[in-house]
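Letters A, B, C and D name the chains as they come in the text, with residue numbers starting at 1 for each one.
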Amino acid sequence: MREHKPDKGWKHRVHEIIYEADTPMGKWFDILLFFLIIISVLLVMLESVRWIDAKYHRTLFVLEWIVTVLFTIEYIARIACIKKPQSYIFSFYGIIDFVSTIPLYLSYIFAGSQVLLAIRAFRLLRVFRILKLVRFLGEASQLKRALVASRAKITVFLFAVLILSVILGTLMYLVEGDEAGFTSIPTSIYWTIVTLTTVGYGDIAPITPQGQLIATIIMLVGYGVIAVPTGIVTVELGKQGKGDKAAGGNHFVHVNTQACTVCAKEGHRDDATHCYNCGSKL
Amino acid sequence: MREHKPDKGWKHRVHEIIYEADTPMGKWFDILLFFLIIISVLLVMLESVRWIDAKYHRTLFVLEWIVTVLFTIEYIARIACIKKPQSYIFSFYGIIDFVSTIPLYLSYIFAGSQVLLAIRAFRLLRVFRILKLVRFLGEASQLKRALVASRAKITVFLFAVLILSVILGTLMYLVEGDEAGFTSIPTSIYWTIVTLTTVGYGDIAPITPQGQLIATIIMLVGYGVIAVPTGIVTVELGKQGKGDKAAGGNHFVHVNTQACTVCAKEGHRDDATHCYNCGSKL
Amino acid sequence: MREHKPDKGWKHRVHEIIYEADTPMGKWFDILLFFLIIISVLLVMLESVRWIDAKYHRTLFVLEWIVTVLFTIEYIARIACIKKPQSYIFSFYGIIDFVSTIPLYLSYIFAGSQVLLAIRAFRLLRVFRILKLVRFLGEASQLKRALVASRAKITVFLFAVLILSVILGTLMYLVEGDEAGFTSIPTSIYWTIVTLTTVGYGDIAPITPQGQLIATIIMLVGYGVIAVPTGIVTVELGKQGKGDKAAGGNHFVHVNTQACTVCAKEGHRDDATHCYNCGSKL
Amino acid sequence: MREHKPDKGWKHRVHEIIYEADTPMGKWFDILLFFLIIISVLLVMLESVRWIDAKYHRTLFVLEWIVTVLFTIEYIARIACIKKPQSYIFSFYGIIDFVSTIPLYLSYIFAGSQVLLAIRAFRLLRVFRILKLVRFLGEASQLKRALVASRAKITVFLFAVLILSVILGTLMYLVEGDEAGFTSIPTSIYWTIVTLTTVGYGDIAPITPQGQLIATIIMLVGYGVIAVPTGIVTVELGKQGKGDKAAGGNHFVHVNTQACTVCAKEGHRDDATHCYNCGSKL
C-alpha cells in the first residue's frame, strides 16, 4: 500500500525501518529488537539469582553494557528520524524506552556504597522494556477494547469487593485471635481478599469454629461473586464477537453498526472508508 | 432540571446540599463526606495495628473525636432538613449513619474495665460507614440488577453446593483420620468448601491415597461447578447488555422491550416517559 | 386446579398431605419434614465433634431415636398411601429415605465391639437425608437442565483434563524429587489436578527452578482451560435464557421453539397445551 | 453407509477393523485397545509407587511385557494394512504409538547401571499412550474448534499475563526480602503467577505490610483478569452454540451461515453437500 521512491532522505528510510514493519528491513529490525528486549529482561532476571550472579557476574555485566548501548542507539535514532521528536519522547513508549535505557548510566552518576541497592532498583526498571513487546501484538487491541468497555463496571465491582473485604476482614479480626494470624484489621482484610479471590495461601487460616463458619460464608460469597467480572468481560467480548461475525472475519475485528448508504450492509470496520460490500463511499 | 428560586427556606437549601449532588455545593459536600468516611475507616484500621496504636494513640483518639463530631452534625442536619425524618431515620443509610456514629459515645456510657473489648467491637462497627460510599456509585445499579435477577438461581446453586459439601465432607471424615486434620464432620465440610471453591488453604489436606483420590474428584467437580454462577450472571448481564445495545449507550442502561406507539422504536429506559426517537408520549 | 370431594379415602388424604404441597396441610407437612431433615443432619454432625459428643451424648442419642422413629413412620406412610408402592420404593428418593432411616436399627443387629466403627459409617449415611431437601427446590430444574445439556461436553473436558494431568504429573515426578513431595506418579497427578483447578493446597509444591517453570506452565494452562466448562454452561444457560426472554417470565422457564399453529407465537412452555398468546390448542 | 463386499483383501479387512469403528469387529477392537491403554498407563503409575513396586515387581514386569508386545503387534498391523504407511507413521498418533511402544526395548539396548534413570524416563513416555484415548472422543472436536478459534486471543492474553508477572514479580522481589521466600526475580515471577492464577500455594507468601498490599492488588487484578479467557472461550462456544441451535441438534454441530440456493435455509453442517431441508445440492 506504500510506494517506494528512489529519492527519499535517510531520515525517511530510517523512520521506515524503525517505526514501520511493512518493509523487509522494518520487519527484521522489529524482530531483532524483540529478541534484544527478551535478552535484556533475562539479564536482569539472571543477575538477581545469587549463584548465577556470583559465577557469571563479568559476562552478565558485559552483555548488560552491549544491550544498553544498542538501546541508546535505538533511542537516539528514534528521536533523530522523526519529524516531531517530542511526540515520541513524551509518548508512552518514548518514556518506557528512556526509563529502560538510563539506569545503567545512572548507576555511575549516583555511585557510592550506600545507594547501591537503590541503583539495583533503578536497573530493575529496565524490566519495563518488556512492555515494548506489546507493540508486536496487534491482536491485543480487541481485548483491550473489551476491557476498556467494561472498565467502569469492573471498577465498581472491585470497589464493592473492597468494601466487603473491609467489613468481613474486621469481623474476622474480632472473631479470630492473634494465634490464627489475624493480628490486625489490615492483615484480616488481606486475608479476606486472599480468600474472596480464591487464592487461599494458607499462611493465615481460621482455627476457631465460628471463624471457619464465617470463612465458609466468605468463600461461598466469593464463589458467587467471581462470576461478575467474568460476566462483564464475556458480554463485552460477545458484543464485539457479534460485530465480528457480521464482518465475517476469522479473527476478531471491531466493527460498528453504521449501515452503508448504498447497500445498507452493516458491520463495517471502524477504520472503513468504503463499504466492504458495494465499495461505495461511507 | 431543577429551577433555583431566591426565596427558599434554609431547610430546602441544606436539603439541597446534603441530599442532592446537582448543585456545586452539593457536589462539594458529597466529596467532603467521601473523604471523611475514608479517613474514619482508616482510623479504625490503624488503631487495630498494635505498634501504630501504641505510638500514635493520642493523635488517633483526637482524630477519632473530630470525625465522630462531624458525623454527628451531619446526622442531625440530615434529620433537621428533611420533611419526613422517620423516612430517613429508618432507611438503610439512616440506620448505617446512626450505628456508625454512636459507638464512641457508647464507650463512655458503658465504661468499665471488663467491657472494654465489647466497646472495641462497638467502635469497629464504624467500619460500616464505608457502606455510605455505595451512594456515590450510580454505576452499581446495573450490576445489582443483574445479581438480583439471578438471585433465585444463585441461592439454589449455593444450596446444592452446601448439600454436596455435607455429603463429601462426611465421606472425607470417614476416609481421612484426625492426623490429616479432619477432626470432625463440620471441619471436613469446611475443608470441602475450601476445596470446592478452589480456595485451598492447605491447613487441612488429605494424606491417604484414597483421600487424595476423593479430593481429586471434589476438585474436578468444583471445577465443573464453578461454571454455574458465572453462567447465570453472564446470561443476566448479557440480557441487559442486549437491552443496552438497543439503547446504544456506551455504559449500560436498563431498557425494556416496550415499543413506542408512534415510531415503534424499542429499548426505552425503564424511567422513560417519552420516546427517545420521536419524543412522542409513551 | 384440584377439586376437593368430601368422600375421599384416608389413603387419598394422606397421599395428598405427603406427596403434594398445594393443600395447607401438605405445605405444613413439607415444612415440618424440612426442619426434621436439617435437625437429623445436624445431629450426625454434632456427634462427630468429640467434646460435644462427650458432653451431650445422652441427649443426642435420644434425639437420634426420635428423628429415626419419625422418619420410619413417614417411610411406612409413604408406602401405605401410594397405589404402586414399588414405584416409590425403587425411586431415587425411596432408596434415599430407606438408606437414611435404617442405620440406627442396623447398629443393633450388627452389635459388637469390633464393628462399632463400621456402624458409625452406617449411621453417617443418614447424612444423605439432606438430599431430600432437593425436593423443595423447584427452581433447581432449570440449572439441572443446563448441566444435563452440557453433560457430554463437560465429560469430554474433564477427560481431557485427566489425560493432561497424567502427562504433566508424570513430567513433574521426573523433574521434582521426593523431598518436594512428588513421591510417586499418582501423587504427582494429584498435585497436578490441585494446581490445574487452581486449588493449590501447598502441601506439595515444586522447589527446583525447572519444576517451578513447569508448574508455571501448568497454572497458565489451567488458567486458560478453566474457561471451558464456564463457557459450556454459560452457553447452555444463555440458550434457555433466550427461551425465557421469549416467554417473558421474570424467573427462568424452559420453553421450546414450537410455534402456535394459529398465531405462530413462539416460546411456549414445555408443558403448554394452549398458546399463551391466542389460547388456541397446540 | 459402507457396503460389505465378500471379496476384499485381508489388508482391507484388517484396515476396517483397526482404523474404523462402524463394523462390530472394529468396535470390539477399539474397546479392547481402550482398556489396553488404560492398563498400560496404570502399570506405569503403580511401578512408580515404591511399596507396590517392591511387592509386585515381578507381576508388573510381566504385564509390562505383555502390553508392550500387544502394542507392537498393533503398530505393525497398522503399518501393514494401510496403503500409504508413511501417512500413518508420521501422523500425530503414528509417532505417539511408536514412542509409547519402544521404551521397554530401548531399556535393553542402553543397558547399564548409570543410564537406569534415563531408561525410567523413556519408559514413562509410555504414559503418552493415553493420548490415544482422544481418538474415542468425537465430542471433543467442537471444544477443540472453540479453543482453536480463540487460540490467537488466548496467546495474546497469556503473553500479557507474562509481562504483568515479570513487572509485578520484580516489584515484589524489591519489596519483600529473602526471608519471605522471594529469593530471586524468577522465584518472584513464579509466585506472581501462582497468585494471579489464584492457585496460591502459600509456599511463598508476603510478610511485610507493603508486600501484602501489592499482593492484594495483584489478586484483585488477577480476579478481574481471570474473566478474559473465560469470556473468549464462552463467546466462541456461544457462536457455535447458535449455529447448533440453527441445526437444531441436541449436541453441538459446527454449522456455517451459507444459505441453501433453493430453500435459503441456513445453518448447514460444514460437511453438508445437500440442504438438510430440501435436499437440493449446495
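We adopt the following convention: a residue touches a chain if its C-beta (ideal position, glycine included) is under 8 Å from a C-beta of that chain, and two chains touch if they have at least 3 such contacts.
On a predicted model such as this, the values are computed, not experimentally measured, just so you know.
S.K.: Any idea whether A-C or C-D has more C-beta pairs in contact?
M.R.: Result: the pair with more contacts is C-D.
S.K.: More than half overlap in residue numbers between the two sides of the chain A-chain B interface, or less? Answer same or different.
M.R.: Answer different: the two copies use largely distinct residue numbers here.
S.K.: Taking the mean of the C-alpha atoms as each chain's centre, how many Å separate chain C from chain D?
M.R.: 30
S.K.: Determine the centre-to-centre distance between chain A and chain C, using the mean Cα coordinates as centres, and give it in whole Å.
M.R.: Computed from C-alpha means, the inter-chain centre distance equals 42 Å.
S.K.: Tell me, which residues of chain B touch at least two other chains?
M.R.: 157, 186, 189, 198-202, 226, 230-232, 234, 236, 238
S.K.: For the complex, which residues does chain C have touching chain B?
M.R.: By the definition above, chain C touches chain B via 41, 44-45, 48-50, 121, 124, 127-128, 130-131, 133-134, 137, 139-140, 142-143, 146-147, 154, 157-158, 161-162, 186-187, 189-190, 193-194, 196-203, 226, 229-234, 236-238, 241, 245, 250-252.
S.K.: Across the complex, what residues on chain D touch chain A?
M.R.: Against chain A, chain D makes touches at 149, 152-153, 155-157, 159-160, 163, 166-167, 170, 173-174, 183-186, 189, 195, 198-202, 205, 209, 212-213, 215-216, 219-220, 222-224, 226-228, 230-232, 234-236, 238-239.
S.K.: Which residues of chain C touch chain A in their complex?
M.R.: 198-202, 230, 234
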